[in-house]
Amino acid sequence: MLNRNVETFIGCDKEYDESKLVLFGAPFDSTTSFRPGTRFASKVMRSESFGLETYSPYQDLDLEDTAVFDGGDLELCFGDTQKALKEIETFAKQILDDNKLPVMIGGEHLVTLGAVRAVFQKYPNLHILHFDAHADLREDYLGATLSHATVLHRVWDLVGDNKIFQFGIRSGEKSEFLWAKDHVCMQKFNFNGLHDVVKQLEGKPVYFTLDLDVLDPSIFPGTGTPEAGGVSFMQLIDAIQTISKLQIVGCDINELSPVYDQSGVSTAVANKVLRELILSIDNNLK
Amino acid sequence: MLNRNVETFIGCDKEYDESKLVLFGAPFDSTTSFRPGTRFASKVMRSESFGLETYSPYQDLDLEDTAVFDGGDLELCFGDTQKALKEIETFAKQILDDNKLPVMIGGEHLVTLGAVRAVFQKYPNLHILHFDAHADLREDYLGATLSHATVLHRVWDLVGDNKIFQFGIRSGEKSEFLWAKDHVCMQKFNFNGLHDVVKQLEGKPVYFTLDLDVLDPSIFPGTGTPEAGGVSFMQLIDAIQTISKLQIVGCDINELSPVYDQSGVSTAVANKVLRELILSIDNNLK
Amino acid sequence: MLNRNVETFIGCDKEYDESKLVLFGAPFDSTTSFRPGTRFASKVMRSESFGLETYSPYQDLDLEDTAVFDGGDLELCFGDTQKALKEIETFAKQILDDNKLPVMIGGEHLVTLGAVRAVFQKYPNLHILHFDAHADLREDYLGATLSHATVLHRVWDLVGDNKIFQFGIRSGEKSEFLWAKDHVCMQKFNFNGLHDVVKQLEGKPVYFTLDLDVLDPSIFPGTGTPEAGGVSFMQLIDAIQTISKLQIVGCDINELSPVYDQSGVSTAVANKVLRELILSIDNNLK
Amino acid sequence: MLNRNVETFIGCDKEYDESKLVLFGAPFDSTTSFRPGTRFASKVMRSESFGLETYSPYQDLDLEDTAVFDGGDLELCFGDTQKALKEIETFAKQILDDNKLPVMIGGEHLVTLGAVRAVFQKYPNLHILHFDAHADLREDYLGATLSHATVLHRVWDLVGDNKIFQFGIRSGEKSEFLWAKDHVCMQKFNFNGLHDVVKQLEGKPVYFTLDLDVLDPSIFPGTGTPEAGGVSFMQLIDAIQTISKLQIVGCDINELSPVYDQSGVSTAVANKVLRELILSIDNNLK
Amino acid sequence: MLNRNVETFIGCDKEYDESKLVLFGAPFDSTTSFRPGTRFASKVMRSESFGLETYSPYQDLDLEDTAVFDGGDLELCFGDTQKALKEIETFAKQILDDNKLPVMIGGEHLVTLGAVRAVFQKYPNLHILHFDAHADLREDYLGATLSHATVLHRVWDLVGDNKIFQFGIRSGEKSEFLWAKDHVCMQKFNFNGLHDVVKQLEGKPVYFTLDLDVLDPSIFPGTGTPEAGGVSFMQLIDAIQTISKLQIVGCDINELSPVYDQSGVSTAVANKVLRELILSIDNNLK
Amino acid sequence: MLNRNVETFIGCDKEYDESKLVLFGAPFDSTTSFRPGTRFASKVMRSESFGLETYSPYQDLDLEDTAVFDGGDLELCFGDTQKALKEIETFAKQILDDNKLPVMIGGEHLVTLGAVRAVFQKYPNLHILHFDAHADLREDYLGATLSHATVLHRVWDLVGDNKIFQFGIRSGEKSEFLWAKDHVCMQKFNFNGLHDVVKQLEGKPVYFTLDLDVLDPSIFPGTGTPEAGGVSFMQLIDAIQTISKLQIVGCDINELSPVYDQSGVSTAVANKVLRELILSIDNNLK
């Protein structure tokens, strides 16, 4: 008898029960103010992942040897932000309750808030590691407090001062940079100081949120608000290996908007970054 | 002394006080469930309108001879649908209070609800003329009652039975078509019966909402959910002239999503349709 | 417990055992001589099918009420045509052996040969109904006898004279048109005479192969060799309903090449055509 | 010994001496005011022509049986319009001096003026048959008298009143349409009256200039200023056969701008139109 | 009462009288010999600038605190190069006469000649700082002396030997490189030696012309003639800060051709470069 | 008398007899398993080469001074891999028999096998220098032994152990990397050790095969399987100069797929790389 069509991210085809990591998509971009399209990221990444090798020559590890379940995409309500965030939180909570680690593919950056709410319930001493081109620290944006541009401020509402560590930031309002000085640890432009932060965070529960636009748009043009002057692919891969020693209890990658990169390179990059991230976390759990 | 850069839709450059029609954009697409992008429509239409002639050989009328003010685009909140609709309603109300006629460029089709709310306050006996590929009559969509897929149902909540006249409908859930039989007047696929409806509506206040995807995607591919089997450009132009005898008290065109048509034809079509619509309404007011 | 990600064509999510129709993709385009890319058709069609309604206002039928299993895509060998055709034949044979009807999504048109070989074994009196812009009747092409340009000639090798009925043909070598006069029944440019052919074929087993480029490129630009002067979408939908009375024992649609239509309209058209075809055949089997 | 790479339009590979028609490209678009790109038309048409069959099922004629020489593209000076027109005129004159018929591929429509100047020297009683969406009858455009928007006015400067016959016109300034009434014979929107004009022109030398944007943009989006409401491909093919009885002494097709149609359909359409035009003229010369 | 739609580059919305810098577009590309499209640069840059932050974390300066007036785009004549250059010169002269500094957005590089002519009248000891991939030093190009490929030679006709300083040059004819040795100061490939040149030019009036294709096409693909091997974004930003100490009396950025970069990254880069350039010059004037 | 249209790669327009290098295209991509399209590379490269200068400021050499004949493209059979490889081999053999050096433009990487077979007959002690992102060392791929993913394994079948030197490899199956350790010399990620290899290979016959995807996709997105983390353009140009001292007896560049880079940068890069390669080899032969 024939089997029904199953499509997972390449190499992430284990059963739920035997898995330590659970991959899922959160296709939501309703608050995106400039160019929408991140809702398509998880679907396109899965579809294009068959062009990716499961083996990483960087880490000498193979997705075939990992224990990852791909739960597909959440079906989120567009236009009702509160409702969408709640659905993400509920889904992430289920994964955490089963003692698995949620690996979320956005969507716009706001989806992080849903996952962090779930993780924070389990780990009240949660720290946030944040790679991004944008500070995302506004108090509100065009009158909305829930927005891709305010998400880290909302996360700060939960975790409080000196718990958020940002790297690669190169765009924002002047007021965000000023506010940051008192409340978060921000490294502008690059990953300088990452090793020190990793030392500082050792043993503490860390949620890692990766806005892919931290990458330079030369290698990652497929995003809503590309910001020149970003980090290189190899710098990001190195940084991911650097942080793998941390006790990561949840993570996401977000802000791929495939429609803006007809070449497909951005999706290929996102897929390779996801492979390296999964391999690194999975290996650390062993 | 030099003048600051002003950009209006071509030929719509009169002063507010001397104008009878007020053009404005409502760049909102947060509830779009499939492919977003209609937020860019008004901006791109204005920008490309300098490739359009002001003169219509179809009606032998010229935009240069009309009285239209272009108020630019509203700055709407993404992700908070209630708030965005309120802002549209407020803006349209001001225009109506000044005894002018609002001509709105969407955005997704839900923006119509904001404008209709304002118009309905002034004209409680409001009738709706609706050209579209989709019925847009769902009670809710993925749990949301405010959605591009429910907008005509929400309008029906206001105006009631037998006030909505739909043409060109060729896509929807089975339940929408069933519900329609009891509550609205729906002509599937084409404009058959339009002349009769026009006769029926004569003398009554009519809001005209034009979802451009009523056009066949061969001539209008740049939309979120293209539906083959639509009307031709000339059929739409004829229909617009047919309805110009009505007492139109407000109107909109919506659902252009320029990014999905790299050729620019969809925007050129939207612009020509808007020209014909403005010329037709303006001429009728004389 | 969470479920693994399953992706089927919308509404085609029944179990294999309860299904009468079996949908599958044959992503192969190695002999395409001009512009390749049809290998992506089935994948993209499934992915985009969530923008399609399951209900057809044309036939007042709903995919929800059909019995279709989606078996996903075959993993075919590129560059070894014989091997790929054999795999298609084997797969189709299994479906036929289980007394189900194969509905194949190409791929280039050559994939039809694999399916026809399987169907012909079961139905030696097989007739072929063929909608296409191209005759596909060459004896060989650039030295290859197995090619998208020779596929109907290869089918003729099996079924013989006066078993193949072609409609819509408007491109080919002069020699193909001459050869056709003696061996097949060809209607150039349109569907004239289709009703007569349907009468003639009543009660006989028919394989229906639909090269989507029979459509005019205005509505279907996403194909390798677009040929202006084709039939309209509504003419094709009508033709599909016309042939639904036949005893169709297998069918395919092919030659969608999504990469050549950035607007997505071609994929949406292919999906709607497939919906109408499935609804029509399924309804006839009841 | 190997041969150097020769690239001609498919089937147009005869020697100069044995040819009756001479094909050449005039890649010039410096006066294009909206969207440039027609300079690439001839190059792309040649390159894509290997996807075209040499045989026409419409006329049952084959390019293999014609006598056409393809002289490649002129190397024109961009930015100096007078100079470019002179080079076109000189080249066309040489062809005419050798008693051959020039078939020019634009470029923007202004290139027609260069060819007409040469043809007019040889045929002082020249008549012009003009298919176009635009009247192109302005006296000047943004201060320039030599422009794609003035070209037929410049041609009128040469040939005088009642020598120009326009079909398909659906865009222009009001003043152009008024001026046309006194000086040219203009059929708006379609080909109505073409048979009468052909009768009227029989036996007289005719230059045929075909602005491909006379076609509806649904089938021909790849042009600088697409105008909805145009003629269909089959109407154009029929019109070309209708005029083939005339004594055509020169012709051009222009305004294909391939970059605006990523699907390649516009180029395929232009190529098929050129095939039909060449076959028709060549056949008439026999 | 409502206000008419005003569109300026973000943060450049001061009144003319209170401004020190005047921004304007020169949408001209008639002499572009390879791929046209720079005419769209200024319009698209303004339109996309609302995706840019006004604050620069590189310089800790904000466009909100500058005094820049945006005069919109000149309406230039296409196809008559002399006329277009005269219009640019006249406009720039007016700005200089009002003791303001012209900041021009091209267009192709030839537009620089119009602005330099105006600036040279006011500052006869004018020096030219030129960042570019191309030498642009030809005596003539395809017979034209006014061309994007000759513009620096034409500027040299005005300012004479040893007044032009070029950086980043990596493409040209051999003869250009030879000629350069005697007449200009050329640094190939990069910005080596820029600090020395800045020292040398201190106190002298400098016109700065920035052909954005000096950037590597990895970060700036949207240009007519992309040349691999260019400088990085950060190198360019650093160079702009380096030269800000100079007495810049006019400047331009040119050769963005947005249509060749569907991702929008090139426009975002151009906008960020313009922001940094404006901030740097404005700050120096304080 | 006019000349027929000849199109060669810029500056490669010498007669066959006087040439030392023979350029030709092998447009074949039938085994490409992911995204096809390399078949268009040679055609598009020639067509776009008129945007390239013949002079190299890197090497101070000019294509005008070389002796290169451009034989155009082979007409290869799609879908029959054995046949296509044989045709490439035959063509390359003829060039070698005439004591000229074959310079092949792919096509997918498998075309290298055809050329290497010819070269190996003449030079039994052949060594292979291979720049690539992918190891291409599989024994078979989806059941096929002839594939772009197995090509270097097939070359190894000919030349044997320790004759193949790979650089830049960063993608493959784990088993390929393991196999490589025993049979080839592989440098992962970059060109480290190239100078040593050049020393080692001095005086020996070397075939150089350059898969352009060794470049980082930021500068070369137009390829079937882009792999982030590649070498930069300048690193590749330097490497090409480094190896020019070798006795290169044949070479190819492959895997450009122009359709995936709408900006044209990838083609421009391929053209510049080809220019540098030809200049370097030609200069070494003097």
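Each chain gets a letter, A, B, C, D, E and F, in the order it is written, and its residues are counted from 1.
We adopt the following convention: a residue touches a chain if its C-beta (ideal position, glycine included) is under 8 Å from a C-beta of that chain, and two chains touch if they have at least 3 such contacts.
Please read all numbers here as calculations on a predicted model, not as lab measurements.
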item: Chain whose average C-alpha position is farthest from subunit B's own; value: F
item: Farthest chain relative to subunit D (centres taken as mean CA coordinates); value: A
item: Cα-centroid distance, subunit D relative to subunit E, in whole angstrom; value: 39
item: Residues of subunit F engaged with two or more neighbouring chains; value: 216, 218-219, 262
item: Contacting chain pairs - touch in the sense defined above; value: A-B, A-C, A-E, A-F, B-C, B-D, B-E, C-D, C-F, D-E, D-F, E-F
item: Footprint of subunit B on subunit C - complex, ascending; value: 50-51, 53-55, 57-58, 62, 216, 218-219, 233-234, 237, 262-265, 268-269, 272
item: Sites on subunit F touched by subunit A in the complex; value: 34-35, 169-174, 177, 188-189, 216-219, 221-222, 225-229, 260-262
item: Touching residues (chain side subunit C, partner subunit A) in the complex; value: 1-8, 13, 15-17, 22, 43, 46-47, 69-73, 94, 262
item: Interfacial residue positions of subunit E with respect to subunit D in the complex; value: 29-33, 36-37, 39, 75-81, 83, 110, 142-144, 146-147, 259
